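Note that chain A is present in both complexes that follow, paired respectively with chain B and with chain C.
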Partner chain A sequence: MSMTKSDWQSITLSAVLLAVAACLPLTGDAYMLSIGITIAMYAVLATSWALFSGPTHYISLATAAFFGLGTYTTAIGIENGLNYWVTLPIAAILGAVLAALVGLATLRLSGVYFVIFTLGLAELVRQVVTWGQNVSGQKGLYVLTDITEVHIYWQLLVLAAIVYLTGWAIGRSRLGFALRIIGDDEEVARHSGINTSRAKILLFMVSGATAAVVGSMLAPRYIYIEPALAFTPMLSFLVVIMALLGGTGRLWGPLVGVIPFTLLWEAISASFPNQTTLLLGLSFLVIVYLLPRGFVGLIESGKRKMREREAFA
Partner chain B sequence: MKRRNLFGLAAALTVATALSGPLAAQETLKIGAVGPKTGPLAGGGAVTFWPNVQLWANDVNEAGGIDVGGTKMMVEIIEYDDQTNPGETIKAVQRLATQDEADFILAPYGTGLNIASAPIFERYGYPMVTHTAISDQIADLSGKFPNMYFLLGGATGLAGGVVDVLTQMRDAGEIGNSVAMVNVADAFGIELAEAARPQFEAAGFEIVYDSSYPLGTQDLSPVINGARDSNPDAFVAWSYPPDTFGLTEQAQIAGLAPKAFYTAVATAFPSYGARFGAAAEGVLGAGGVFADGDAFKDYAARHEAVTGAKPDFWASAPAYASFQILQQAIEGAGTTDKAAVAEFIAKNDFDTIIGPITWDENNSNAKYWTVGQWQGGVFKGVASTGRDGAVAAMPKTGWE
Partner chain C sequence: MTTGPTVLSLRGATKRFGGLVAVNDMDFDVTEHEVLGLIGPNGSGKSTTLNLISGALKPTEGTISLRGTPISHLSAADISRRGIARTFQLVRLLPSMTVLENVRAGAVFGHRRRWGAEADAHAMRMLALVGLDRRANAHVGELTYIDTKRVELARVLASEPKVLLLDEWLAGLNPTELEEGITLIKRLRDEGRTIILVEHVMDAIRSLCDRCVVMSTGLKIAEGTPEQVLSDPEVIRAYLGDDDA
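Entry: the complex of A and B
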């Protein structure tokens, strides 16, 4: 891999932005920090979701399954005397394994069948956990640690950096190229000798492992972990909406959706606490009718128009 | 001329508003309330939590406000929906603390949401008197969050109450020795079943049927048929609101009519009595209140008058009582200083609509209702861990 000048520029810019974001806790404003955590959490989830779903156009609603898996890994790990930091890689591995199993079973499905299966997956994992609790007689788990919101925020930022680097590396690799071809036409990809299942499963594993680690990192914040809270389907939907709102065509696309959506969600929650569901529905409509390619599409067509105007001038 | 008058009026109004603004602000106590209005817990919140917030604010303001060191202060409630999502509860409490600068915050609704927001209450020094948090880790939690208090009791006590009631009925010769027990396979149902099993065995009962069903099960006939075929003397279901109704319905259809019939959460809801009418007579359930006491009767009448709905016979009154404790502590401390109010709560006993409250070594109310029974259209407390006013449980005589 050789690096061009513009690669270095974007990496430097990203590093600077990340460093600025990392300074948020220094303002000492705990309210801003709690919004910052939400943004960082959804940024990581939406970006890792888009790594897989962006190029392949497979809409996955399984985020909650991986997230919950990570949450439970940390909760059970800590209860059995494991160090918190050890539970993060375990969650990543479990998330990747689950994604691989699911991928092997389902990525031959496409379109709506895949969507429905992934939605069912979160419910399946949740029922399995509940069944485990019923058999063992253990209910909600407590994650009592000394980890504060600042720590969680910084951890999420580090994870975000890793996700962006991974996404960038994949985009430049043969795997990324293969995925783009799959997204355009899976038949063609297969005829060109691409092992489409392998490519899709690999990406799905990256996405699943990331969501699991996010769940692990959030466990100390929730303290009390029970299936209904850890596997909430709402999480999967929010991630998809934010990612599509931003646009999945670019690595930075989901972030452009996450930030305005989270701030708007916060403003609505604060001013019209009874209307959050309405906002969700409206966002869906906006994406479908006005922004099929998200904010990314909007920005890029704006750029193109500017260029055209310059050409005429 | 006319225009100048208008300007003058506007100017005067501006000055008046500017003057009255800060004055009015000083006479109002900002109280935050966070609870589910959407999501899985919205139904329970709508019965138990939100009406009591409304009633308490109404009661306080009608009485002229809270007496803070000689100044009467009205309360203003700032409500947020947490969507039954701990992340949102945390954000909403954070927002109340830093953006709205709430003077006090009422404890949220539900075990998980209370515990998730406990660190934020702790960080800003808000006292947190929980009304709907049921936990077997109260010692750990109160150790980590010293300002956290518990009113509703724990699973071991709730299960123990049922065992006690059935033991008394057996000793009185009203029922025999066999128990059919089922539970919903979710957190609270599992915890209660787990707590009950050894206690039933220790009390000499024989569990002739022991089964569970997943949360959200629509068809409960296999569970009820299995229980009926075991021909039990008592039926005990550690159930949640939808299945409490479903099991009762199915038991009538299948002809499961033991002398003791118990369903857990939501049996104490007024909607249970309304739905089953005379058939509800004799049904045992989780919770209970001193339903014949004047304090509860008076509270129930005000609840209905102000909110248009009846309170439930379990957590409603403790929810209101938790707000009363906060109010009495503010008045007792004579200040809105959170640390002073928290200290007052820790060091004092309180007299509430559910009776006197004293804290044990874990900041928990050790005396709570465990079992109630529908008797004459009212759900009356039949067992508690030390509350006054329990009536004797009576055997159920069929579903008519």
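Entry: the complex of A and C
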């Protein structure tokens, strides 16, 4: 299919926004940069999560498993003398392989069974890594590089650009159309000639590989990593909440949720450090009850109302 | 009746659900350009037979072949790609999509695969065939009951199947709609399509089917032209019980 005028407009707009975002380190404000990294990290995670979960409605809580896998890949790689840049593609491949294995085993499950399995998987991987460290006698790993916060931020922006381009390309492809059909009615999808397992696994692999690379990129920021940090289930929940808050119906949806929620989360963590889990649960309930289709749904029903009003005027 | 080459054949097709034998040792052939009616009382195993052919269920025993190649071990997706497409007893549309997108699903992923403008043009032709081309951009939630059935039929036709399975496509229509429905299927028949239809509407069976297979409690109890089978005492007994035979 050829590119339409509005495609070019969206691409130009995205490129401009990305360029503006890339200028953030020029402010020289370390706190702003730190929040910028957190936003960029969740933007990539939530967008790639929504690539799979948006159309299929399979809610995955395995983000932490892929993220931690990437973090450990980079940490272990660097410890064994690998160049940092080499560990990124390795993490991507490992993430994709793990996603493929999980997909083969679980994508036959649907609804809440899939959710529970993915949550359990993240916990299982964490326990295995903890056990491995106990056996080897290590507590955690040091990730010592000369990569600075600014580098991490720029890397995440590049990854975000790649994720958006991938999502956009998938949306226009047969695969994207197949996933929309699967999300609407899997039985119809199968009987229309769609290999539903393959389509779901492919997208889950894209999502898993991306989360693993984000984990790799963040490893140098942590300096010292241990399983409780790299595989924290909180990460999986935050990604789901942010994506749902923004709305998964559009590629830009999760980003609209990530920015306000990251800022809110910063405030919560600073003011109520002991009640974060409670407040996370509350915000989850509020979002699901008040904004079931996220900000995207809100914006689109607002647009529709405007059009109706104009039609009557 | 012309006897063309055999397109689809069932040999000893059996489906057991635990102790229940829903389909018991079914044998029949469908030849090219033929409209075969699969009839019988409720619960006789017609829909299960259709599900075995479309791959929604796997037969416990027996084989189903398409042009001599066994397909009974394949997935529903593979069977659909080889050219067997179906409608569902309860209409299944893609609720988030427009009429055109629904039909495009058949054109993009079915037996003959198209993409882009070609798929859209083909989907529009199928919509014109079922008389819905003017509603192409409507949302499926806005359609009347018969129109939802038309969309489903157009989606199935868009894949250019070799064999078309219609599961009670005429059920639930009012008299006017029924007339339109029969006319539509008659047109498909006149185009020389190979069709298996599971149906309860006797008028439709008489006017549409070249041949009928009658099922009762999972077994084939009769096979022949509609006149032959509908006057068969065993068929009458299966439908109405012993006293009326």
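The rule is simple: the second predicted complex is superposed on the first by the 302 of 313 C-alpha atoms of A that agree within 3 Å, B and C clash if a C-alpha of one lies under 4 Å from a C-alpha of the other, contacts with A are read in each partner's own complex, and residues count from 1 in each chain.
Following the convention adopted for this analysis, a contact is a pair of C-beta atoms (placed from the backbone, for glycine too) under 8 Å apart; a residue touches a chain by one contact, two chains touch by 3 or more.
Keep in mind it's a predicted model, so treat the numbers as computed, not measured.
Trainee: Contact-wise, after the overlay, does A:I59 reach chain B, chain C, both or neither (first, second, both, neither)?
Mentor: Neither partner.
Trainee: Between chain B (first) and chain C (second), which, if any, makes contact with A:R174: first, second, both or neither?
Mentor: After superposing on A, A:R174 lies in contact with chain C but is clear of chain B.
Trainee: Pick one for A:T277: touches chain B only (first), chain C only (second), both, or neither.
Mentor: first
Trainee: With the two complexes superposed on chain A, say which partner A:D185 touches: chain B (first), chain C (second), both, or neither.
Mentor: Touch partner of A:D185: chain C, not chain B.
Trainee: For A:V97 in the superposed arrangement: first (chain B), second (chain C), both or neither?
Mentor: Neither partner.
Trainee: In the three-chain superposition, say which chain, chain B or chain C, touches more residues of chain A.
Mentor: Tallying touched residues of chain A, the top partner is B.
Trainee: A:I147 contacts which: chain B (first), chain C (second), both, neither?
Mentor: Touch partners of A:I147: none, neither chain B nor chain C.
Trainee: After lining up the shared chain so the two structures overlap, which partner does A:W131 touch, if you call chain B first and chain C second: first, second, both or neither?
Mentor: A:W131 sits against chain B, while chain C stays out of touch.
Trainee: After the superposition on A, what does A:G193 contact: first (chain B), second (chain C), both or neither?
Mentor: In the superposition, A:G193 touches chain C alone.
Trainee: Who does A:I11 touch here: chain B (first), chain C (second), both, or neither?
Mentor: Neither partner.
Trainee: Can you tell me which positions in chain C touch chain A when the two form their complex?
Mentor: 54-56, 75-78, 80-81, 85-86, 88, 92-97, 104-106, 108-111, 113, 115-117, 155, 159
Trainee: Of all residues in chain B, which touch chain A in the complex?
Mentor: The contact residues of chain B facing chain A are 37-40, 79-81, 83-88, 90-92, 94-95, 97-99, 111-112, 115-116, 118-119, 123, 137, 140-141, 144, 183, 185-188, 190-191, 193-194, 212, 214-215.
Trainee: Considering only the defined contacts, which chain A positions touch chain B in the complex?
Mentor: Counting only chain A, the residues touching chain B are 29-31, 34-35, 38, 41, 127, 130-131, 133-134, 137-140, 142, 144, 218, 221-224, 226-229, 232, 234, 266, 269-270, 273-274, 276-277.
Trainee: Give the list of chain A residues in touch with chain C in this complex.
Mentor: 1, 174, 177-178, 180-181, 183-185, 187-196
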